[in-house]
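Shared between the two complexes below is subunit A, which pairs with subunit B and subunit C, respectively.
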Partner chain A sequence: MRHPVRALAQIAQITLINLRSLPQRLGTSLVVVVGIAGVVGVLVSVLAMGEGFRHTLASTGRPGRVIMLRAGSDAELSSGVDRDQTTLLAALPAIARDGSGRPLASAELVVMVDLPRKGESHPNNVPFRGVQPGAFAIRDELRLVEGRAFRRGVREVIVGRKAAQQFAGLDVGSRIAFRDSDWTVVGTFATGGDVHESEIWADAEVAMSAFRRTGYQSMTATLADGSQAGLAALTAAIRRDPRLSINVLREPEYYAKQAGVLARLITVLGYTVAAFMAIGATFGALNCMYSAIASRQVEIATLRAIGFGGAPVVVSVMIEALLLALVGGAAGGALAYVYCDGASLSTLNFSTFSQVAFDFRVTPALLGQGLAWALLIGAAGGLLPAIRAARLPVTTALRAV
Partner chain B sequence: MRYLPLLWAGLFRRKTRTILTLLSIVVAFLLFGMLQAVQTAFESGADAADAKRLLTTARYSIIEPLPMAHLKVIERVPGVVGVASADWFGAKYQNESNAFPVFAVDPARYLDMYPEFTIDPAQREAFAKTRTGAVAGQRLVDRYGWRIGQKLPIASEIHAKTDGSLNWEFDLVGVIDAEDPAIRGNTDVVLINVAHFDEARQLGRGKTGWYVERIAESEQAKAISSEIDRLFANSPDETKTAPEKEFAVGFAKQIGDIGAVVTRILIAVFFTILILTGNTMAQSIRERIPELAILKTLGFSDARVTALVVAEAVLLLALGGGLGMAAAAALLPAVNGSTGGRFPPLFVTETTWLAAAGLALLVALAIGLPPALRARRLRIVDALAGR
Partner chain C sequence: MADLVQVRAVTKSYRRGGETIEVLHGVDLDIARGDFVALMGPSGSGKTTLLNLIGGLDTPTGGAIVVDGRRIDRLSSGELSAWRAAHVGFVFQFYNLLPVLSAQRNVELPLLLTSLSAAERRRHAAIALALVGLADRARHKPRELSGGQEQRVAIARAIVSDPTLLVCDEPTGDLDRATAGEIMALLQMLNREHGKTIVMVTHDPKAAEYASRRLHLDKGTLIADGAGA
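Right, the complex of A and B next:
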């Protein structure tokens, strides 16, 4: 390239010609846009599902709080902590106290209750958590969004926001029957989109008698000292007491473990589908760019005959492909955002054997990723046809008329 | 059939274009085959279910235990051929929770319930006789490289031994397997002898997780289920009995929304492919208008020209769809290998092939009909004059 400035001018001119002739090739161009929009739309929504699930589990728990399970258990469902142990645990000095000196700890039991999804009849395992009064002081992210809290000693429940959305018969004021007990829904609570929003909460003592349990499954508590030293003090105190065979985990650590398998499944599914679709769409884009070039063979040859270089032709065709890809990517991202963002779904978490509800989360990072894929497909689909256009001998191309 | 060379020539008139179109169709059907396999895997429990098998669990929650004494009562219910109990062990292997399910069972009774499982008779005998014995599914044995005769150290998250320890050890005495890939997923389990387990555990002695019943006639399933539940009604341990299939379907339903998401992905994929190939097809026909006019001049009827164009689309989809599905069927064994048997076996069923064929036909008609109708309306004079 002897004159870089002239080359740039040529690129600009050819690109302008290309773009101005776009309306005449609206059909083929639209196809490229729609194809790429489809890929990006699917990619972003599938990844948004995985993102939402991770977000729900990652936002559950605070590092300053611990969950205590029976040694050897990794999940509440398989754990068991008896009454005496919870009393001993709550009395440990490593656990924080409230203003009036009561420990910030809550012994809890979790049972699965069967509830159908809205509009269906098949039962789903919905977690039903019996909590001690301390639960509300510990989990300060909990807000009642409707109704009131349950009274102690009465068969009343409050229901997580997502559980109320997904499952039938959980509106405030309605009555639900589990085992041989009738419960009244008195409130709906939100906890910032974490897993507790998929749960039903009741007073631990009432739940225990209704479900014929004799012990708890876990104890959640706030550390007096949230640092590593505070945790070590608690662990050491538990180890010193032969009556306690208890495993202590920071809440975020515990909930990250629960996410494991399902998060991996969703991510692998998302990327596999997106990769295959991208390959398919690249073929489609290639096709459309090829035919776009083919229909303009004479025009391009004419340009080259009157002195435009090969490189500017390649670059301008690439620019066109990338622009179309960008429009497609933006459209796909926008579609995913409009249709998916905030939509909620629920599924069975294999690790806890219970239903977990979560929202699609279309984040800016995901949209950026979608655009990057779109540009990649555009570049791959534009490059070969562009080179072909520049390589074709001018005389052959002109004779094609 | 005699038009095949003509169709072929028309299809490969522009090689690059057709090959690219074909490839995008291949990818779409590859995706269809694989996602359907995932869907089937979620629902495979229902397909593998035996209509002559019932399951009994605690009425209110499947994790509540039932007394082992129920067995003798259920056994006497008319129409019940055999009954076996099974209990959750809550396995933790090499520090991984729920690495695989472990059930504590009465060896002979339990294996009688599942005639579709294959096991060497000598190994079955050994399992029944060895109190600390265990048998494992072939896929698990392959995944962990176990050998028959070795000790299996498995921890329990639920059951402590009388000495308080959660670490159990069993002797691997046999391997179970199944011919049918849909059933093979059900053999991803370790069975241990309940005789030893119940004696050696600290808590929950004399209790079990659920019962499996085999009945003589599948038509009696409903009646026998309600009869069993009636026997325990109003006792502290009420039961819920249902055909195995109902449990499997319920489980698949619990996966719920993920299945719906997969379906929506497929719709988006095929919509995209439809637009891409439809456009290519239309363009290809546009370019060949003079050729079609010549065909009509030669005496081809309007109907025949229309049929030729549609047939071209069908051929394109048949090629692409067939190749895509074949690729899916060929790739899945490799996928199964790489998941290390952590996921149920994925495979392409006949139903999926049929669905793919139907889908291919539908797409072929959708992209073939518009240009075909255009070809039908073609007037020879105008077409040849390039008007």
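Right, the complex of A and C next:
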């Protein structure tokens, strides 16, 4: 093309002509838009689910805190730390102290209790965490949103905000019964949307006797020195003591690992379903663009006879396909955003076999990814028809009146 | 001065299925600058095929075609596009206007391939529309015009870029007698007063009478070259 500006003007003109005839092809065009909206809507909402799950776990914990588990276990439920070990761990100088010299550490036990979701009857696993008094000092993100804290030595619990929303009978003041213990809900707490909001908390000693446990699952502590050196000092001190066979992980690292399996599964599921739908949508787009070209072949041939080149025809058909795809992609993304963003869901975490409540997160990156899929489908559906349009033998097409 | 169009021993074959059908069997034809030629003949005799070759819409299987001193039978399809834009105006039986564009915009289309500014394009299109007597219909869409008016718009589109050659395939084939007469008078006016060279295919002897020369094609061969009028 000798004159790029003129080529652009040709493309613009042909595209405009194409788009103006869109209302006559509303049916097939809508099929494309709806098909692509479906792909993008499903893709974005499923990925938003994975994103929300990952975000919930990844936002749990602070880098300055560590969780200590029995060496060889990678989750609290499969770990066990006995009383003597927790005493030794809390005494290590690498662990921070409060103003009166008490270690900022909490030995904790976790048991799964059965509770039905609101409006359902079959029970779900809900984590019940027994914590030591230090738990509140080290988790400064925790705040009570209703009621008060449990008293030591009493069968009282505080309930995470999301657990209270999703499970029946966890309102402040209500009583809950497990195998052979009755508990009173005295408060509701929030921890900034992390996994602890799906838990029920009680005094560790009371929980231990109620559930007939003799040891803890883990110890969470604040590092005296949050740097890499501080962590190394703690690890080294633990390794030097033959009585301690303990693995130390920074909290964010631990929770990110917990998210792994399920988050990956959700992501794979999202891509798989979206890929199948995308194949369908691509055929829809192909069909639409082929019929658009068939219905316009005399127009295209007339333009070619007048002297318009093949390239502007190809480009204008592609632009039309991409525009339809963009409209579909935007609609799908908007639907996912409106209906899913912030919507709460609770699911079984395969790593811990406990319920984790989380919110869908429709992030700009996910929306961008959805639009990229839409454009890809549009391009795949538009390319062959566009090439056919340009290759259309002019004399044959002119006879097709 | 050499004739504007020189067709030499032109053959054209189509492949259909396994067999090759020769539609034009060595056509020789000269058309002088300023001529108005009517090409007649029975259906299937190859009139449209010959017209498309002269207009550069297609390339011959054999022979040579020279238009305005340029061999067009050897041009690539891209070169032919550019050549058509510069040298040929087409008028079709069914007008082939773009339904979504106004008469004015339809007439402007060929000018998009020139370096004229938008204002100049509008001016040229207005002049062409005035020439065909439709200055007052510039903003009408094709479906708001009668068949005769549509064909006038198509003729305005064919002449707007001042081409060397006007190529018309049954321009009155879809019109009633009276309207056909008006269209033929318009073409004759363009030929006589504006010096346009016209090659026209027609089935209608009345329409052919407006031409200065009538040719007959039968089964792919030119059988008569009756000068007249």
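The rule is short, and it goes like this: the second predicted complex is superposed on the first by the 401 of 401 C-alpha atoms of A that agree within 3 Å, B and C clash if a C-alpha of one lies under 4 Å from a C-alpha of the other, contacts with A are read in each partner's own complex, and residues count from 1 in each chain.
Here is the rule we go by: contacts are C-beta pairs under 8 Å (C-beta built on N, C-alpha and C of every residue); 3 or more make two chains touch, one makes a residue touch a chain.
Just so we're clear, the structure is a prediction, and the values are computed from it rather than from any experiment.
> In the superposed model on subunit A, is it clash or fit for subunit B and subunit C?
With subunit A aligned, subunit B clears subunit C, so fit.
> A:253 in the overlay: touching subunit B, subunit C, both, or neither? Say first, second, both or neither.
Touch status of A:253: no partner.
> Which holds for A:21: it touches subunit B only (first), subunit C only (second), both, or neither?
Second partner only.
> Under the stated touch criterion, which partner chain does A:241 make contact with: subunit B (first), subunit C (second), both, or neither?
neither
> Where does A:269 make contact in the superposed view: on subunit B (first), on subunit C (second), on both, or on neither?
A:269 contacts subunit B only, not subunit C.
> Output check: A:98 vs subunit B and subunit C. Expected answer is one of first, second, both, neither. What do you get?
neither
> Looking at the overlay, does A:140 come into contact with subunit B only (first), subunit C only (second), both, or neither?
neither
> Does subunit C touch more residues of subunit A than subunit B does, or is it the other way round?
The partner that reaches more residues of subunit A in the superposed model: B.
> With both complexes superposed on chain A, which partner does A:111 reach: first (subunit B), second (subunit C), both or neither?
A:111: touches subunit B, not subunit C.
> How many degrees, to the nearest 10, separate the directions from subunit A's C-alpha centre towards those of subunit B and subunit C?
After superposition on chain A, the angle is 90 degrees.
> Tell me which partner A:84 touches in the superposition: subunit B (first), subunit C (second), both or neither.
neither
> In the overlaid three-chain picture, find the nearest pair of C-alpha atoms across subunit B and subunit C and give that distance in Å.
Value for subunit B versus subunit C, nearest C-alpha atoms: 17 Å.
> Inside the complex, what are the residues of subunit A that reach subunit B?
Those residues of subunit A that touch subunit B are 27-28, 31, 34-35, 38-39, 41-42, 46, 49, 71-75, 77-79, 111-114, 117, 120, 122-125, 178-179, 211-212, 245, 257, 265-266, 269, 272-273, 276-277, 279-281, 283-284, 286-288, 290-291, 345-348, 350-351, 353, 355.
> How about subunit B: which of its residues touch subunit A in the complex?
Contact set of subunit B toward subunit A: 16-17, 20-21, 23-24, 27-28, 30-31, 34-35, 38, 60-63, 90, 92, 97-98, 155-158, 160, 164, 166, 236, 249-251, 253-258, 260-262, 265, 268-269, 271-273, 275-277, 279-280, 283, 343.
> List the residues on subunit C that touch subunit A in their complex, please.
Residue list for subunit C touching subunit A: 48, 52, 55, 57-58, 77-78, 81-86, 90, 92-94, 96, 98-101, 109-110, 112-113, 115, 157.
> What part of subunit A is in contact with subunit C in the complex they form?
3, 6, 9-10, 13, 17, 20-21, 298-299, 302-310, 394-395, 398-399, 401
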